[in-house]
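The structure under discussion appears below in the form of structure tokens.
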Amino acid sequence: MPILQIEILKGRTVEQKREMARRVTEAVSETLNCPKEAVSIIIREMETENFAKAGKLRVDVQ
Amino acid sequence: MPILQIEILKGRTVEQKREMARRVTEAVSETLNCPKEAVSIIIREMETENFAKAGKLRVDVQ
Amino acid sequence: MPILQIEILKGRTVEQKREMARRVTEAVSETLNCPKEAVSIIIREMETENFAKAGKLRVDVQ
Amino acid sequence: MPILQIEILKGRTVEQKREMARRVTEAVSETLNCPKEAVSIIIREMETENFAKAGKLRVDVQ
Amino acid sequence: MPILQIEILKGRTVEQKREMARRVTEAVSETLNCPKEAVSIIIREMETENFAKAGKLRVDVQ
Amino acid sequence: MPILQIEILKGRTVEQKREMARRVTEAVSETLNCPKEAVSIIIREMETENFAKAGKLRVDVQ
């Protein structure tokens, strides 16, 4: 029942998400001692105008 | 002030969301003993490449 | 795979949470057309000093 | 390390988000006593069919 | 209906949260053009063993 | 800037969280192609009365 939510900027390929899901699930399962079947991952993708760090939108940063 | 966030896969109709919101609000209001006006629901829809179970993206599962 | 997160103020009994979980799951399952087994609910409880509406902490409101 | 998530309805301009991010970061930094560089903000935008209050979807409300 | 969730480390006083809620609500209301009454803020506090940056738990960092 | 939130049941040791954070960060960094320094992880722990699956609280399940 570990449930993960991961926020990333848009632009990753399906292949990258596939590998991420596979390896993160493995890491969670092995370290927290639960079956892989119990691990859910929600991926949320953001436009660069929807993330800010230090008060600056990412879209405004070089 | 119950605030609900519900994550679902894309593909539901507005009519389904309408019924879901109505009935979930009723259930929360009656069991937690608060006015319906106090209940907020945020619905988030995911593409099948943005959800994984057991390390596998949903888009890869039959 | 509907995954719900619900934020409430502290103070509900386990019996209230039990009824809420049962009825919300039923409502989601019937309206979104998915098996009850697929529905997960995370409940998070807040102290009144950790919720604000209109700029005022709940702990400060009569 | 304050991490903020803010849910809003679609329709704000980039200029509004820019000002919001700047001023919210300033407010968090000054009141919680942490450097602005430590503050992250995630903005999530909803369609009006994905938010409900009092059991009614926003899209159905005048 | 802007709904904010803010994650912070434990250790802030109620007075700090009070000021934060007041000023963040003001900033959101003025920049996103919505009444203060519409702004909700959920504060979540973490132990230092429940936050990691760069793969290191905060509790392990000087 | 990948930001992860992970919900687990109470009961893991700090050593388990430490290993989880280290390995998940590595997995995210290598597959999504970003520096480890950019990865944040928020861990949230639930009591068994605050998680439900299939309409049943975990505290009620053997």
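A, B, C, D, E and F label the chains in the order they appear, each numbered from 1.
Methods note: a residue touches a chain if its C-beta (ideal position, glycine included) is under 8 Å from a C-beta of that chain, and two chains touch if they have at least 3 such contacts.
Given the structure is predicted, the values throughout are model-derived calculations rather than measurements.
A.B. asks: Going by the contact rule set out at the top, which chains touch both chain B and chain D?
C.D. replies: A, E
A.B. asks: In this assembly, which chains make contact with chain A and also with chain E?
C.D. replies: Both-contact set = B, C, D, F.
A.B. asks: Where among C-E, A-C or D-E does the B-D interface show up again, with more than half of the contact pairs the same?
C.D. replies: From the options C-E, A-C or D-E, the copy of B-D is C-E.
A.B. asks: In degrees and to the nearest 5, what turn takes the CA positions of chain C onto those of chain D?
C.D. replies: Between chain C and chain D, the superposition angle is 180 degrees.
A.B. asks: More than half overlap in residue numbers between the two sides of the chain C-chain E interface, or less? Answer same or different.
C.D. replies: Copies use mostly different positions to touch.
A.B. asks: What is the distance in Å between the mean C-alpha positions of chain C and chain F?
C.D. replies: About 20 Å, centre to centre.
A.B. asks: Please compute the C-alpha centroid of chain D, do the same for chain F, then give the distance between them in whole Å.
C.D. replies: That gives a centre separation of 24 Å.
A.B. asks: Just how far, in Å, is the C-alpha centre of chain F from the one of chain A?
C.D. replies: 12
A.B. asks: Could you pull out the residues of chain A that touch at least 2 other chains?
C.D. replies: 1, 3, 7, 24, 26, 40, 42, 44, 51, 53
A.B. asks: Could you draw the chains as nodes, link the ones that touch, and say if you get a line, ring, star, complete or other?
C.D. replies: If you draw each chain as a dot and join those that touch, the picture is no line, ring, star or complete graph.
A.B. asks: How do the chains pair up in terms of touching? List each pair.
C.D. replies: Chains touch in the following pairs: A-B, A-C, A-D, A-F, B-C, B-D, B-E, C-E, C-F, D-E, D-F, E-F.
A.B. asks: What part of chain B is in contact with chain E in the complex they form?
C.D. replies: For this pair, the touching residues of chain B are 1, 3, 40, 42.
A.B. asks: Taking the touch rule as given, give the residues of chain A at its contact with chain F in the complex, in rising order.
C.D. replies: Checking each residue of chain A against chain F gives 1-9, 12, 16, 19-20, 23-24, 26-28, 30-33, 51, 53, 58.
A.B. asks: Which residues, counting only chain A, touch chain B once they are in their complex?
C.D. replies: Residues of chain A touching chain B: 14, 17-18, 21-22, 24-26, 36-37, 39-45.
A.B. asks: Which positions of chain F touch chain C when the two form their complex?
C.D. replies: That would be residues 7, 44, 46, 49-57, 59-60 of chain F.
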